[in-house]
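Take a look at these structures.
What follows is a pair of complexes built around subunit A, which joins subunit B in one and subunit C in the other.
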Partner chain A sequence: MSPRIPRSLWIAALLTLAVVILAACAPAAAPTSAPATAAPQPSTGPAPTTASTGGQTKNIIIGFTASQTGSNNVESGKQLQGLQLWLSDVTKAGGIKLKDGTVVMPSLKFYDDESKADRVQALYTQLINQDKVDFLISPYSSGLAKSAAIISEQYGKLMITTGAADDATMEQGFKNTYQLYTPASQYLSGAIDLLGKLSPSAKKIAIVYSKDAFSTTVAQFANTYATSHGYSVVVNEGYDPSTTDFSSFINKIAAASPDAIMGGGHFADGSTFAKQLFDKKIPAQMLVLLVAPPAPTFTQIGDGAQYVIGPSQWEPQVTYSADAAKAANLPWYGISVTDFTAEFKAKYNADPSYHAAGGYMAGLLLQKAIEDTNSIDPTAIKADLDKLDLLTFYGHIKFSTDAKTHGKQIGHEMVYMQWQKDASGNFVKQIVWPLTAKTADAQLRKLP
Partner chain B sequence: MNLAVLVSSSIDGLMLGFIYGLAAMGLTLIFGVMRVINLAHGAVITLGMFALYLFSVQLGLNPYLALVLTLFLGLAFGVVMYFISVHRVINAPELTTLLATFSVDLIIVGVGTAIFTTSPFSVNVDLGTYGSGEITVLGTKIVAVLAAILITVALYYFLYRTRIGKSIRAVANNRSAAELMGINTTAMLALSFGLGTMLAMISGGLIATLFTFTILTGDDYQTKSFVIVVIGGLGNPTGALVGGILLGLLEGIATLFMQPSWVPVIEYVAFVLILLLRPNGLFGARA
Partner chain C sequence: MKNLLNPYLWIILLVVGGISVVPILTGDASMREDLFLILMLVVLASSVNIITGYTGYVSFGNIVFFGLGGYFAFYLMQNFETNFVLAALVGGVGASIVAVLIGIPVLRLRGAYFALATIGINEAMRTFVANFDPFGGSVGMFFNYSVYNAYGGAKNALWFAYDGIVVVALATIAASFLIKKSKFGLGLLAIREDQDAAKVLGIDPARAKVIAYTFSAFFPALAGALFFFKNGIIEPDVAFDLLRSIEALVMVMLGGYGTVVGPIVGATVYERITALLITAPSITVLGVSLGFSQLHLAIAGFLLLLIVLFVTAGFVGWLRQRFPRTRRYLE
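Let's look at the complex of A and B:
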């Protein structure tokens, strides 16, 4: 077994080192490459049925990419399901009916972006130039949506972003991009408010986060918010997104004795982190993690899931309704929460996640603007979106019209869920914040 | 720095290092015997994770019994994989075998994504926590370390004390001479590939008892395995185990003194430095 280092291993080593250094230095990926010219086969939604009204029928194409492969395929798949459910509802209703009798029949055209930013840029260029889509919806995730937004803005094509909460993307003076998700900067502020309400004596917070663009942004704003509210941030550190063993990091966190631990990143790291904190018996009063806790499979980690709080864009338990809209002096539009949840369950045999709700809402928002303007003219639709201020099953929707932050979401609020146990010892997901939307009181974390 | 935290993190890192080492042993064994850099190594580690998940969660078997089944499955899968993807190109340049195993990697990850998606899975094994105060050790980690040690000892016994093991070493040293001595080299190569795959799958199974995993998780362990085999010396199974322990310790201790996101940078700097200064690894290599 004589050793000899192959040249390929040398090259792999140097490339890996370069990538790792770049990843550690620059958490927010900034795609700069020019769009490539790929010609993959698109997937399409159901073919529009012929409208039964006597008016003209206009077909519109809504284009987007979905991550059918790669690391985002689960969340993106749910987002796609929500959008397809919206299309199914519109098709069943005979299309979007305008006042002059015209029926607008939408169809979907999408490609697999493989969860890669360079694919997104190539495919959005293709959707605009070759497929001639009328409107765009973003891919899932802040990073991919940012790549798509660069292209849609270059071509002046209207795009609704869903599954994308990054603040920076929406602070570039975009003119044609509209964000559905509550921005990342507000993800943990409610949790810090909840800590103050639940445990007034708590003073020390550990903020630990995955070093990706979204989680880093959330952590930065959480740090500022916590400090401004008198908390001492005793740990403020990022970890590699692929981390699977947090043992040493947890030892370091434990040494700082935080009252609350906040942060995380995505499902795999968040659920592993929660389990290992529980296994190591870390006695923090509150554990708030991004993304992972709202997923029903989070309870697979066992008792470590109890008391864990997670911010969510939407949950089936939310109480948005026509009555709530009336009370808030806002117009109500679209499907009810219960109907959306029931329809989704019937079609996909699963509870809808916030990704799915976001997908449905993206279609619903375009539908609302088309109905309001009685046209499919992008300029008119853009003007309508600018002044939109309404309540839907997904919550309050309002976009910034400020030149720098145009299209940024300023109406929608996060809800905070917590895994609690019922009298029989079964896990139950409860909404614990804001107080106006809660289904149960929040509980401080206790170790067995 | 609190001494208890340092001790606790050292223990955590050391224990993780044994599992890293076991994973890397599969890679180094295959390279040592047949000069093939197995780029499907990470995918095979993932297969081990999902095999354990299917046996224990879906079929309801005890996770550690499932681990034994995973061991035999890994051996069989490796032999099959050798004949399908490696045997016909075994004498071709390194790039050919590299691409052949990379193709297998793409197939495994592609089929796995279609079946399991990239959703995280976990096997919830609870063997309690031992220790007190700031120094605590999970029962599952203790079992994983013991399993890694047991498998390493068994591998060495097999390679150095059995006739077949000696035949494998003979093939590794000089394939033509081994053939002239009447050794069935094809069978030995297939068996070696099977053993390497078995080690990767069993390490995947052990990792699954500790951490959440997805179909893409194996890539990270593959990269670590490359670092480890370079530290320990390509083709040297003992070096791989020691390299794994060193890497685990480095991760455990370095995390205490810097942002965790910088720890991989330190690892890869060490990787490149060893390539530059000691290209045979810290422990050289031998059959």
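Let's look at the complex of A and C:
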């Protein structure tokens, strides 16, 4: 027989049920009314979605998640700094001014996604439904951006992805998602082109990469691109991201005598790999590694850093300018490379990375579309982004309008930096590819 | 059968089910997302409680079944266009079979050795999957957005996933209750207190522990299938995230080790505290902006320390000790 329940317990249970249902009906988390960064006129209520008539100030909210904790916090933090710098510039300029005299004043609303997918969809749903953001920016990293896109697409919210280079994410027929980064498929293709130009007799390439999602994707595309251009990929192997001893891979590379070595993954493994290749005196003419070389601390490995090439979405040395735009028959828009770099240094006391440039560019892109359309209407802004084709401090921006790859970045090119030594023997970071952005000629790798 | 009619079981299910249907009735997508996460954690915490709380075997690596369920279901859906419900069930059964195969040798270990072995299994599985090409290797697998068309589009698919997690959470709670109140459950509790003495009483510890381990694998596998279906992408590091496993143990400790209600309370409190800290606005102290989101792991750690030092039985356990009359109602 089942135990008998006292009446008082039934009453307590029903009261509890009533209380929890009422509590559950309340907003799940109290929306924070103040913007995450200072803006002169914070948005506290639902923002308008259409442009107004002249002389008014309209607040818009740009929502996103940032990885303030977890494995992506450094890169995502830089991206956030770039975006905050853009907001600061717009604020200083008195907002985005439309032709009818309306001033659009943006503010940012963001939450920490902990670098994990767990909460991304919940937070983007909250940004859309409770915080009533007008536009979205993606989280950092392709995996998180994909999770966020499932939410933004279902609500038809415009989202600019930055810090997300995955090709596959942008090949799903999304209608409201626009990618700023050069896709992963092109991370090493420029390096292969550069090898052909620098050393036409080169035939053999070794691809050794970290077995994480991003590096593996890049390596797969590099393999295909190299093969299609007549190169023989003599080593094609992945290593665990935590690898610290590359001896077995280096032995295989030495046995295959490649003309170029490409791959790597992240800072720790990439810099260790470069150092061990140098120590073992592997005589490849070119060494191209992902992520690690653009970091200023890469030169701490010593002479092994010399001649190492790294692909980057952007570097402070790039030569994009109004004149370059004129020469390329493209319109120029926004801040100059010099001003962006100087402003960033002044505000954060550090050189801007490509993550920071991507963050600034995400805001600048929205600003451009708002100015072009004289509106904050998402439909008009999407139409404007579809036809956008321009040069900025970040480089060439153009989006695919093909139904299958809509929003994928097709204008922006990777830049390739190389550590070279100046006359005094000091390391200098030079842009060596593409030719339109170069600051010095690329050098083939030589061992002392 | 007698336990199935136990009114306390139905009160627990009524409360959890009552809250869970609110977003369905109101159409509140934000609440749906919050509750999805809470219910998923309830499943993980309640499942780990079956092997850890009832049997006394601390399973740090129970998240391996969450990942396996996700991978099995994802693979079937992506490659064979299997209906999600069938794929998730296959994922659950597949993970349970793996649990049996792993459990037979590993459950012979005791104490810290078992705990370490479960961590090793999770890490070994993560490495295996990262090198297993049919599962996409280290890149993982992703759905094309059009996959959701079969479920009425992405919007409906997210509601569908929510309905699924509600059912799985209620089933997990029911299983947890029924196991605890059954003769089999009493056997597990006996093993927890003294395995050798339990053997003398006629309990077959090896068999009982493997069955408990299988239960603790089945439900997380279903939750994994639902989570990754909703997310649209599965990668080894996310699927086999050891931190999530440890968090599930913290939830069990917080709510009440070895109780049915404890993991539900623990998961809900832990998740809401985390969510509130993450979404709380920063405060400025002496000109320095302090974001609570950066502190939430530290606060969670501090909470755990307090529990271990002062409330070793967890919240529900403390209530049961402090107010003995509640022992009848708080399972």
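Note that the second predicted complex is superposed on the first by the 394 of 448 C-alpha atoms of A that agree within 3 Å, B and C clash if a C-alpha of one lies under 4 Å from a C-alpha of the other, contacts with A are read in each partner's own complex, and residues count from 1 in each chain.
In this section, a contact is a pair of C-beta atoms (placed from the backbone, for glycine too) under 8 Å apart; a residue touches a chain by one contact, two chains touch by 3 or more.
Fair warning: this is a prediction, and the values are worked out from it, not measured in the lab.
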Touching partner for A:D112 - first (subunit B), second (subunit C), both, neither: second
Which of subunit B and subunit C A:V74 touches, first, second, both or neither: first
Touching partner for A:T125 - first (subunit B), second (subunit C), both, neither: second
Partner chain(s) touched by A:A403 [first = subunit B, second = subunit C, both, neither]: neither
First, second, both or neither for A:G238, with subunit B first and subunit C second: both
Which of subunit B and subunit C A:I301 touches, first, second, both or neither: first
Which superposed partner A:F174 touches (first subunit B, second subunit C, both, neither): second
First (subunit B), second (subunit C), both or neither touched by A:A254: first
Subunit B versus subunit C as contact partner of A:T217, first or second or both or neither: second
Doubly contacted residues of subunit A, that is, touched by subunit B and again by subunit C: 1-3, 5, 9, 13, 16-17, 20-21, 24, 27, 69, 211, 238, 240
Residues on subunit A engaged by subunit B in the complex (per definition of touch): 1-6, 8-10, 12-14, 16-17, 20-21, 23-24, 27, 69-74, 77, 211, 237-240, 242-245, 247-249, 251-252, 254-255, 267-268, 271-272, 275, 279-281, 297, 300-302
Touching residues on subunit A, where the partner in the complex is subunit C: 1-3, 5, 9, 13, 16-17, 20-21, 24-25, 27-32, 34, 36, 68-69, 111-112, 114, 116-119, 121-123, 125-126, 129-130, 143, 146-147, 150, 153-154, 168-169, 172-174, 211-213, 216-217, 238, 240
Residues of subunit B touching subunit A in the complex: 2, 5, 8-9, 12-13, 16, 32-33, 37, 94-95, 98, 110, 113, 117-122, 124, 126, 129, 134, 136, 138, 169, 172-173, 207, 210-214, 216-217, 220, 223, 226, 230, 233-236, 251-253, 255-256, 259-265, 268-269, 271-272, 275, 279-281, 284-287
Subunit A contact footprint on subunit C (complex, rising order): 2, 5-8, 11, 14-15, 18-19, 22-23, 26, 28-37, 127, 130-131, 137-140, 142, 144-146, 148, 153-155, 158, 230-233, 235, 237-238, 241, 244, 275-276, 278-282, 291, 293-294, 296-297, 328-329
